[in-house]
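Attaching a single structure in C-alpha cells format; questions to follow.
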Amino acid sequence: MARVTLNELNAAFDADFVLALDGIYEHAPFVAEAAAPHRPYPTVAALHEALMGAVRARSVEERIAFVRNHPDLAGKAARAGDMAPASVSEQAGLGLDRLSDEEYTRFERLNAAHRERFGFPFIVCVRRLTRDAVLDAFERRLANDPATELATALDEIGYITRLRLVEKVDGPGLPQVFGRLSTHVLDTHRGGPAEGVRLALYQVARSGRTKLGEAVTNADGRTDTPLLSSAPLRIGVYELVFEVGDYFARRGLDLPGQPFLGEVPLRFGISEPEGHYHVPLLVTPWSFSTYRGS
Amino acid sequence: MARVTLNELNAAFDADFVLALDGIYEHAPFVAEAAAPHRPYPTVAALHEALMGAVRARSVEERIAFVRNHPDLAGKAARAGDMAPASVSEQAGLGLDRLSDEEYTRFERLNAAHRERFGFPFIVCVRRLTRDAVLDAFERRLANDPATELATALDEIGYITRLRLVEKVDGPGLPQVFGRLSTHVLDTHRGGPAEGVRLALYQVARSGRTKLGEAVTNADGRTDTPLLSSAPLRIGVYELVFEVGDYFARRGLDLPGQPFLGEVPLRFGISEPEGHYHVPLLVTPWSFSTYRGS
Amino acid sequence: MARVTLNELNAAFDADFVLALDGIYEHAPFVAEAAAPHRPYPTVAALHEALMGAVRARSVEERIAFVRNHPDLAGKAARAGDMAPASVSEQAGLGLDRLSDEEYTRFERLNAAHRERFGFPFIVCVRRLTRDAVLDAFERRLANDPATELATALDEIGYITRLRLVEKVDGPGLPQVFGRLSTHVLDTHRGGPAEGVRLALYQVARSGRTKLGEAVTNADGRTDTPLLSSAPLRIGVYELVFEVGDYFARRGLDLPGQPFLGEVPLRFGISEPEGHYHVPLLVTPWSFSTYRGS
Amino acid sequence: MARVTLNELNAAFDADFVLALDGIYEHAPFVAEAAAPHRPYPTVAALHEALMGAVRARSVEERIAFVRNHPDLAGKAARAGDMAPASVSEQAGLGLDRLSDEEYTRFERLNAAHRERFGFPFIVCVRRLTRDAVLDAFERRLANDPATELATALDEIGYITRLRLVEKVDGPGLPQVFGRLSTHVLDTHRGGPAEGVRLALYQVARSGRTKLGEAVTNADGRTDTPLLSSAPLRIGVYELVFEVGDYFARRGLDLPGQPFLGEVPLRFGISEPEGHYHVPLLVTPWSFSTYRGS
C-alpha cells in the first residue's frame, strides 16, 4: 500500500486530511478534524501526539463513548464480519478469528464481565501481545478501578493507532514501533565466538510452544539477521534453544557420550515490545550464562 | 530382605557361600565356586572384583557362553515370565515390561540384530540408564567390533552384579554405587542464598518429560535433601526448572509484569551414574548462570 | 588464660561475680553489679545482653559519663601507658601504638574534633576494622547528630565487651563473634574443581597492600583451612590473587605465551565481621566470574 | 609526514622506488631493488610480501648478514647515536633510550649472550611489546635453536617493516596493523547498560603499573572511543579498574558502608597486537564476570 507523506498531509485541505486518516481512529472523524487546524506537524510522532491529544481533551463521557465504538476482542463483531478492516487483520494476527468454541466462550465471558464492570469493551493492542499475554491482561485489568481502566484503554488505542499511522504515513520522525531480538554465542572454552551453532526460537504458551524460526551462528557468533525485528515484538514468553552439544562435538573435545550440555534452552520474557532484547549465551561444555544485554 | 554379612560369607562352608550368592550371576554357579577358595575377602568391593575376575579368567568361548545365558532386553523371556527374578525387577524399573507393540517390535529388531552380529544378547545395566539412553547405547554398540562388544557386555555385567551384591551383602568396603544430584540457588541481586524458590526436577526423554520431584529451597538456598540420591543415577537428560519470577516478585522488586526471567529451566545430561552432580543457579532478575559444580 | 565458666559465674557471690568481670567494662563496676542479682543466666549471650542492658538503662548523662571513661583512640593515654590492659592490646592490633608523627597528628585532630562536637571520645571496636576503615568511620561519624553518635558508641562498646567476655567466660550460648572467609576454584573449562592453584590473600589499604597469607587449592578446589577465621574479620578491602595462568599451563592447554588470564585478582570488601564470606572463582582461560556465595 | 602513494611507487623509475623505500629495511637497498622489477603491486600488503620475499630468498649466510646489520636492542648504538632514525624512535617508545645503569647492564648481558649464541643481534618489533614482554622474549628466545631464531628474527623484521611501510605508503590493501581494546559495562542488577562508571586502564609491569588512560561509560555502557586503538597494541599485561562502588552508590541502593564491590580490577594479557580485545564487565553489587568477547 503506497503511503501518503507527511508533507502531503500537512499541505492538504482539511477534508482531505481527515479522509486520508480515515480508519486509524475507528468511527471517530472528530479526532482528525481536531488535529487538522494545528498543521503543519514537523514529525509523524508529533502528528500522533496531536491526534491522541484530541481524544484525551474530551470529557470523560465523550472518551467512554469513543472507546465504546471499538469492537469486542474476539467477539460477535469478529464472527459477524462487522469490524473495521484494520481491526479484522489485527485480531486475525493472534488467531482470534479461529477460536475453538471453548476459547470463544471464555472470551465472551471476559468481554461480558468487562462491559458490565466498566461500560465499554476491553481494548488492547493485540499486535503487542501473545495470546496468553492478552488473556492475562484481560483478567488482570478486570481488577482496575474505572478511571485507571479508561486511561489504560486510551493508552492501548494510542499503541494501536500509532502502528496504523506508521503504516499509512511516511515522513520524518516516525515513532519508534520496531522491537528487536538478537543473540550472540561466545565460546568461553576457546575464547572466541562460537560459529555454526544451530539455534531455534520458540514462543512459549501455556498450551505448548511454537517455533518462530531457526538460525545458525556466523563467524562472529551472531545470526546474520535479528531473530525478531517486527513492529512490534509481542509481550510474552520465548525460548531460545542452542545446539551446544553438537557444536562442541564438532570441535573434537573429549566429552562424555551423554554431554553435560546438549540442547541449552534459555527461556525469557519480553515486556517492552518496542525495545531491543539482546540475549547472549556464554558457554563452555560445563557451564553457561545469559543476561539481558544491550 | 535381611542382608548376609561379609563376615558370615567369609566363614561359611563353600557350598553355603555359593548358595548365598545365587542369583547374582545368572545361571552361573561357577563364578562363586571359583571365588570361594580365596576367602576371606577384606571388603565387599574385593569380593566383587574376585567374582568378576573369575568370569574374565575364562576363555573367550566360555565368556560368550556365559553372556549368552542372560536374557534379551525387553524380549520374549520377559513376556514369557522366564527370567531370573533380579532381571525381572530391573527391567521393570525402566518400564521394559510394559512396552507398546511398536516399542516391543523395535527392541525385538535390535535384539535380533545384536544376536546376529555378536552371537549373544545385548547386555546393559538398565538401572544406570534412562530408556532413551538404553536405546542410544543399543544402536551405538551395534557398530562395535566383537571383542569390544564382549568386553562391554562384561563391564555391564560388572555394574549389574555390583548393584545386586551391595543389596545382598553388608560389610566394610562397599563399592561406590550411589550417585547424587544437588542444587543451590544464589540470589546475586541481593548477595545471599535465595530462600523459598520452588523447583522441579524432570527427566527429559524424546517422548516428553517426566517430573521426578519437587522441592523448595531453604534458608541456605539448598534443598533439605539431595534431589536424587539413588543407586545409581540414570545416564540421560534432566531439567531443573526454578520458579524465579515468583521468587523475585515476593521480594517486592519493581519488575515488569512480564518478567525477563519467570520459569528458568536448566537442562543438563548425566553421564556418571555414581558421580556427584551439583548444578547451581546464580540468578538476578536479568541474568543467570549455571555450571557443573562440586 | 584459663576462662571462668558460666556456671561458676552463676554460682558465685555477687562480689566475686563483679570481680571476675573486672576489665570488661572499663572503670565501670556498676555494670556487673546491676547484672549480678538477675543470675543465673542460661547463656553467655544472655549475660552480655544483661550487661549492655545495665548500661542502656542509665540516663543520657550517665551514659555519656560512662563513655567518657574510655580512652581516645591512638591518643595520649596510649602514648602515656595509661589505658586498661585490654584496650592496650586491642589498639596495638591495628598498629595504633606505632603511628608516625603525621598519623598521630591526624588522630589527635580527629579526637579533638570528636570530643568538641560530642563531649566524649570516639569509640570503635578496633578489632572489627582495618586501619583505613577506622579512619573512614572516624570522619563519617563526625557528621552524626549527638543522639546517634551516643548510640553508635554504645553499640561499639557492645562489640568490644562481647569479644572480651567470650575470651574470659566459657559456657553454653557463646555469642557469634567468629567470621570466616573461604574460596573455591572451579575450572569450568574442564568441568571440575581446579586443584593446585596457588593463591594469596591481601589486605588492601590506601597506603598499599599487605599479604595476609597464601594457600594452594586441594583436590576439591578449596583450601584445607579457611583463609580467615578469626574473631572477628576486619571491615575493609581485601584481594584474593589466583595464579590461574600457571594452573592452565600445567594442564597443557594450547594457550598464548602471554595468556589472557595470568594472575587473577578478586578485590572485595568485608562489611560483616562476624559473617561468612565465600568468594569463589569460576574460571576458564578466557573468562572468570565471582560472587558472594554462601 | 606526507606519504607517498602506491600508485606513485608503481609508476616511479627503479632508482626512485628504491630511494622512496630507503630506511624501511636498514642498510639493505638490495631488498627494494629486488622488488622493483615486479611492479605494479595491487596492494600495499602485496608490496610488503614481495619485500619480505626478497629477504627470504637469500641464502642463510646472506640472511644472517642482513640481520647482523640491525642494531642491538638498547645497546651501544643507541647510546652512541649510531642507529637508523626509525630504530631510534621505535626504541625510544619503550623508554629503551632511558635505561638505568642496572637495566643497561642487563640488556648488554642479554645482547652479548644472544650474539655469542647466534652470531647476530636480538631483533624484536619493540612497538608490539611492553618492556617486560621484550625482556621475557629476550630470555625465552636464547633457548631457540639457530634456525628457529633466524626465522624468528625475520618474522620480527617483517613486523617492523610492515609498520614502517604503512606509515610511509598510502594506498589500497594496507596490511592490518591496528589492534583495538574496548569494554562494556552491563548492570545485571538493573538489567541494562551501566552509565557513568569511571574506569581507568593500566599497563601492568613487574616494576609497577602505569595509567594509560581514563574514561566514563556512556548511556550504552561503553566508552565513546576505544580504550586502545594504536598500531599495534603491545603484548603484555593490562588492568582495567572500574569504580563500581561509586556507581551503585549513585543508584541509591541499600548497600553496606563498606561495599562488597568497590574498585573492580580486571587484569588480562594481550597476546595478539593486531587483534580486537573486548573485555566487558557484567556486574551486580554482589557479583561480576568478564570474558574475552568479540
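Some points to look at:
We call the chains A, B, C and D, going by the order they appear; numbering starts again at 1 in every chain.
Throughout what follows, a residue touches a chain if its C-beta (ideal position, glycine included) is under 8 Å from a C-beta of that chain, and two chains touch if they have at least 3 such contacts.
None of the values given here were measured: they were computed from a predicted structure.
Chain centres here are C-alpha means, and the one lying farthest from chain B is D. At the interface between chain B and chain C, two copies of one sequence, more than half of the residue numbers in use are shared by both copies. Between the CA-based centres of chain B and chain D the separation comes to 55 Å, rounded to the whole angstrom. Remark: chain A and chain D have CA centroids separated by 49 Å (rounded to whole angstrom).
Touching two or more other chains at once are residues 188, 191-192, 260, 282, 286-287, 289, 291-292 of chain A.
Only residues 186, 188, 191-193, 220-221, 282, 289, 291-294 of chain B touch chain C when the two sit together in their complex. Interface residues of chain B, counted against chain A in their complex, comprise 133, 140, 235-237, 245, 256-265, 267-272, 282, 286-292. Chain D contributes residues 188-192, 260, 282, 284-287, 289 to its touches with chain B in the complex.
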